[in-house]
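Next, two complexes with subunit A in common: one pairs it with subunit B, the other with subunit C.
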Partner chain A sequence: MSYVLLAPEILLTVLALAVILIGLLVSDKSKNILGYISAAGLAASLLLTIGNRGGDTFFYNALVIDPLSQIFKIIFIAVSLLAVIASIHYFKDNRNQDEYYGLILLATVGMMVVASANDLLSLFVGFELASMSTYVLAGFEKKNPSSLEAALKYFIIGSLSSALMLFGMSLVYGVSGSTNIPEILAYFKTAQVSGIDILAMVFLVAGFGFKMALVPFHMWAPDTYEGSPTVVSSLLAAGSKKMGFVAAFRVLVLALVAVRADIQVVFAILAVITMTYGNVVAISQKSIKRMLAYSSIAQAGYISLAFVVMTQMSIAGGVLLALGHAFMKGGAFLAVAVVGYMVLSDNKNAKNTDDISNFAGLGKRAPITALSLFVFFLALAGIPPSAGFIGKFVLFYSVTSEAVSTASTWLLVIVVIAILNSALSIYYYARVIRYMYVLPPAGERIHEPLPYVVAILLAVIGTIGIGLYPEPVIKMAMDAASVLGVI
Partner chain B sequence: MADLYMYLIISAVIFTIGSYGIITQRSGIKILMCIELMLNSANLNLVAFSSFNDNASGQVFALFSIAIAAAEAAIGFAILVALFRVRDTINLDNINILRW
Partner chain C sequence: MFSEPDSIFPAFIVLLPVIAFVLTLFLGKKFPHGGAYFPIAAIAGSFIISLGVFLEIYPDKIVQQSLPWFANMNIGILIDPLAVVMLMMVTFVSLLIHIYAVGYMSHDPAKPRYFAETALFTAAMLGVVLSDNILQFFISWELVGLCSFLLIGFWYHKPSAAAAAKKAFLVTRVGDVLFLAGIVLLYVNLNVLINKGLFTPEHGNFILQFKTMFEAAKLIDPTQLTFITLLFFGGAVGKSGQFPLHGWLPDAMEGPTTVSALIHAATMVTAGVYLVARTFPMFAATPATLSPGVPDSLLIVAYIGGFTALFAATMGLVMNDIKRVLAYSTVSQLGYMMLALGTAGAVVGAQAVGISLFHLISHAFFKALLFLCAGSVIHAVGTNDIREMGGLFSKMKITGTTMMIGALALAGIGIPFINIGTAGFFSKDRIIEGTFEYGEKTGDMIPYAFAIIAALLTSIYIFRLWFMAFTGKPRSERHPHESPNVMTRPLMILAFLALIFGFTHLGFYGYLEKNFELMGVEVAGHEGEAAATSPIVVLLPVLVGVLGFLIAYAIYYKRILNMSKIVSSNNPLYKLLLNRYYEPTIGADMIGVKLTHGVVAQSGEFVDRKIIDGLIIDNIIGKTTFCLGEIARKLQTGVVQNYASVTLLGVGLLLIVLKLVGGI
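Let's turn to the complex of A and B:
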């Protein structure tokens, strides 16, 4: 056991505390440097995470470092890094910057603990660390009623989901007599399925479903993403949502192997409802942040197809789509933040800065942002060469091949529904693209702030890079899926 | 064995009261109290199972979750106070800027 493997978490925790401490000591003016320090720390821990392949457990089996945890940690750190770089401009000259960066770093550590959790206790603690930090971040503009409303709704639904999850965990512990996930797995492999197992599974699916924003547990997501500061929405949609998925991969796939057949049906229904509802409601949205929120609900529906068939390839597809979604959605929210900055620099008292009418002629007003948003939208719709295409391709292919090999018609029907949904989503992305490139601009060309441009271009590189050269990422995802030990 | 069932029934009742309250109550403070009820019913479960299974990890889990619930309540009240300063109300029926 070597603590070098935990270096990224240790680095970020120390950095978070240091940032808060430095914030106490320096004047409000010099706090702008904290953003650069946090970005450097995140970049360093990203390199440390990419560099190590893992294969060890820590603290009496409470944490495990394996390929699955590593790929999700890369997602979480990358998303936080993008959000922090953009925040250097978004929260410039804000006197609470120290708390802001401290909370983002702590939220990242929480998500990383969830990714590594090998025990229900560490899973719960990681979940709560990430959730509580993001509750505060959602309400960070404390004079802005919609930010506070977003935080309150997120808090109530988030704590409700934690309570459901904790109740489910207490039942799992009661049945199996252990909180350690491999031990629970060993227990369920031999035991008979009883009613209380099903009950525990329902609570866990509901608890994770809230975090993943699956319909019918989604109602907080559009409100929270719309009301929060836009960089925080990017962190929530691209990062903290994936936390639910990695937890579900670990617990539902691994530990409740005994009641597998029931999970398949539950997730098939949830996935179909989620993707259809998300896409249909996104069509009628005027607010782009809200549209992105519904499209991210739809993407959660696609990713949860991985739980329906639970083959190694489908889980790899889910992981790939989660990775791609992190770049595409994170980048898209940051581009919306640039539009917000543009509208506010025209008119200080503007309301609803993310209204679709503000995107008119964006191709002329902010060409880099508009082009990147164009790329993100095509990637979200699943057009090659992009990360979104690779993820959807592997995922849909795995479900289809499972359907063919088991000759089950209902799986094929689900794939057809998913593909039709992808086609439907092109409609509302194309609508925004028409606004950006066809309609006349409402003002002069603006100077896009450098931190935003850097963050958005990094997201574009991630999106296109995975699309053009997917082999190493697909291999990582397959390794990650093989950890779960399914067929 | 009979004792375990008693604890489980009590915790299920408390959990139900909590979730009923979250659905029906409109005051922010009452909703926070209901969330606490739900978390604590799970703690009761954990401790009861720990005693029944004769293994201490359930009690450790309950201690962690009590500490987490305290932090959660602090954050909830902080959000409510901030909201009250801006809006002069914490009645959830009036908190409806964001909707489609």
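Let's turn to the complex of A and C:
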């Protein structure tokens, strides 16, 4: 057991506390430095995480470092890093910056604990740490009523979901006598399936489904993404959402063993409803943040296809799409933040800064942002060469090959629905692209602030880079999937 | 240091111009000359690396690097003799043209865009040359095509330039589709072989690597192989402007002259020749059914090439636009290169690659020279029309002299038997001799006839151009002046090369001959005994060159014939040539506008818009989807109690579903 493997978490925890402490000591003006410190810490922790392959457990089997945890940690840290870089400008001269950066770092640590959780309790603790921090972050613009509303709704539904999840966990403990995931797995392999097991699984699905924003546990998501500060929306949609997925990957293998085929049907229904609902509702949105929220719901629907077949390749596909989505959606929200900045610099009291009409002529007004957003949209729609394409390709391919090898028609039908959904999504992305490049601009060209540009370009590099050279990440995702020990 | 298996230098041959592209595009306008120094420095770097690689691998090593990309595809670098000579030529010519462009483009406001696009073009072209597998080759090839489109349409506000760019894009696209079809067919065939266990790639799983392709070539069904190679050749025909896809190249002269020199004379158009040379072992492995002893694909390459050489030269005779003359000359010379691959391939096997490539390189030098001279002339007099020039030699001595050297090289003038002469003398005349040897061996003298008549016409049209532009009385009121040093220096360097490059021919042939051996590939073919050629065969190409010079001298300098009579009368032959065999009418108007746009596209549009869009999408799918969207939007009440209820309702429904399917 070497604590070096936990260095990224330790580093971020210490840094979070340090940032809050430094904030107490320095004047409001010099707090701008905290953003840079946090970004540097996250970058260092990202390098540490990429550098280690893991293969060890900690604290009486409560945490495990394995390829699955590592790839999700990379996602979480990368998203936080992008959000922090952009926040350097977004929260410039805000006197509560110390709390803001401290919370982001703690939220990241929480998500990383979830990724590493090998025990239902450590999972729950990580989940709550991340959730509590993000509840506050969502309401960080105290004077803005819609930010407060966003935070409150998020908090209420979040608490309800936590309760459901905790209830599910207690039932699992009740039947198996353990909270350790491998031990529970061993128990379920031999035990008879009972009604309690099913109840437990449904509660767990509901708890994770809240974070993943699967329909019908998604209701909070559009309101929260819309109302929160845009950089926080980026963190929520691109990062904390993935926490639900990694938790589900870790725990729902149990469900697969416990209730076998039945849970597949549940996920098939959830996946199809979620992707279709997300895409259909996204079409009629006027607010781009809401549109992105629904598109994010749709993406969660695609990713949950991984649970439907639960083969190594499908899980790898899910992980890949989660990774790609982190860059595409994170970047897209940051680009919307630039538009918000642009609108506010035109008119200080502007409302609805993310209304689609503000995107008219963006190609002329903010060319880097517009081009990047163009890239993110095409990637979200799954057009090659992009991370979105690679993820969807591997995922759909895995479901198709499973359908062929088990000769099951309904799996094929699901793939067809997923592909039709991808096609449908192009409609609302293309509409924004039309606004950006065809319609005349409403004002002069603006100066795009450097922190935004850096963060957005990093996201573009991630999106396109994975699309152009997918081999290493595919290998990482396959390794991660092999940890779960399915087929 | 450059050629170790893990050296990063070879990759930088391509990466440097890519970096220059990004820098110039974004920062160019903040630097003098539109950021021209970025591409110049980058391409100089690429040239130095190429030279370093060459010095290290000469004479018998190759560089191979490969990374897995996805599935059974890879990204890789292969520098063999064939690639290294192309690398040095492309980087060197591109470097000179970039330097020249600093002067030539000095008055253009869009300089950053120009230099960014030429840098990207150079990177793409180097990518084509370096590729070690056909897929990467194709991707770079497409990128080259894209850059060509952007640069032909560089002055996009000129309708003729925009139209020319579109034409080039569409016509070469025909070739590209054939090429892609060839790759797909090859991939399918290879997979069939592997699945049947008939073929196991020796070099790992990357089945589209050239080596693997060549190894498998013998096992592929012969008819399929002929199809595959002919589809590849279709791509080459498009890119290298061979008949019948030649029409775009003369129109491409609407771009800046530097672009014409770089892309449409020296580098991009040779990509087609390079493709055939690169995949030569596959062409050579095709069965000989049409003519005994000659692989079918090579025979077709030879005929198309030979015919193009002659066909384009006839049009070069009558063009009045200085750049169009040179454009047809390029088409014709590319025909020679194809001809060399086809005929010499049948006689001397893999040596044909050396013969063809030698002409390719020497052509790159003297054609770039001719284009840059033309650019210098256009820069000075402000017109492309040679009828409005005349008497320029006294004003533009450097341009006039260097252009004469270029013309001599193009006409292949030299002294046989003692082997002194211009680059074209060695390279082109060797091709013509090759066609003769081919004729002797197979009894088929048609390619030789193509080659020798085309040589005569070549000489006539190029000296006609020179005499009309540089001698006689000025025919318009202009005040020409010699171009600045930044433009004339590259001319002198290229002229020097056009004079001396030919002397490397023996070393060159010997080096290139070993190309496929070094890759460990055996080329099916014939051990070359270059038959002792009779003196008349060696002499004839030079004689027709000199004859052409004399004819041009007599008509356009001494004016013993009044050309205006022939030209102005309703001479049907003249009209046929001037109208380019009605290729624009047939190609653009009839096939392009009337057939494709008028019939196919319009009916497609009707079905798509009226039936699919109008009826199905709008009314059925569109309206339903929007309705559903609206309903769902109303479900999102914004009241948090509702959200909680829905969540719990979801839990209940899930339980019910599980109960139903699980029956527990």
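The working rule: the second predicted complex is superposed on the first by the 484 of 487 C-alpha atoms of A that agree within 3 Å, B and C clash if a C-alpha of one lies under 4 Å from a C-alpha of the other, contacts with A are read in each partner's own complex, and residues count from 1 in each chain.
In this text, a contact is a pair of C-beta atoms (placed from the backbone, for glycine too) under 8 Å apart; a residue touches a chain by one contact, two chains touch by 3 or more.
What you are looking at is a predicted structure, and each value in this text was computed from that prediction instead of being measured.
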item: Subunit C versus subunit B on the shared subunit A, clash or fit after superposition; value: fit
item: First (subunit B), second (subunit C), both or neither touched by A:Gly174; value: first
item: Which superposed partner A:Ile464 touches (first subunit B, second subunit C, both, neither); value: neither
item: Touched partner set for A:Ala186, first subunit B, second subunit C, both or neither; value: neither
item: Which superposed partner A:Leu160 touches (first subunit B, second subunit C, both, neither); value: both
item: Angle, in degrees and to the nearest 10, that opens at subunit A between the C-alpha centres of subunit B and subunit C; value: 170
item: Which superposed partner A:Ala206 touches (first subunit B, second subunit C, both, neither); value: second
item: Which superposed partner A:Val454 touches (first subunit B, second subunit C, both, neither); value: neither
item: Touching partner for A:Asp223 - first (subunit B), second (subunit C), both, neither; value: both
item: Subunit B versus subunit C as contact partner of A:Leu439, first or second or both or neither; value: neither
item: Partner chain in contact with A:Ile356 - subunit B first, subunit C second, else both or neither; value: neither
item: Shortest CA-CA distance between subunit B and subunit C [superposed frame, angstrom]; value: 5
item: Contacts on subunit A seen with subunit B and repeated with subunit C across the two complexes; value: 152-153, 156, 160, 164, 222-223, 281, 284-285
item: Residues of subunit B touching subunit A in the complex; value: 15, 18-19, 22, 28, 31, 35, 38-39, 41-43, 45-46, 48-50, 52-53, 55, 57-58, 60-61, 64-65, 68, 71-72, 75-76, 78-80, 82-83, 86-87, 95, 97-100
item: Contact footprint of subunit C on subunit A as seen in their complex; value: 152-153, 156-157, 160-161, 164, 193-195, 198-199, 202-203, 205-206, 209-210, 215-217, 219-220, 222-223, 259, 261-263, 265-266, 269, 277, 280-285, 390, 424, 469-471, 474
item: Sites on subunit A touched by subunit B in the complex; value: 120-121, 124-125, 128, 132, 135-136, 139, 142-146, 148-153, 155-156, 159-160, 162-164, 166-167, 169-171, 173-174, 177-179, 222-223, 226-227, 281, 284-285, 290
item: For the subunit C and subunit A complex, residues of the former touching the latter; value: 67-70, 75, 625-626, 628-630, 632-633, 636, 638, 640, 642-644, 646-651, 653-655, 657-659, 661-662, 664
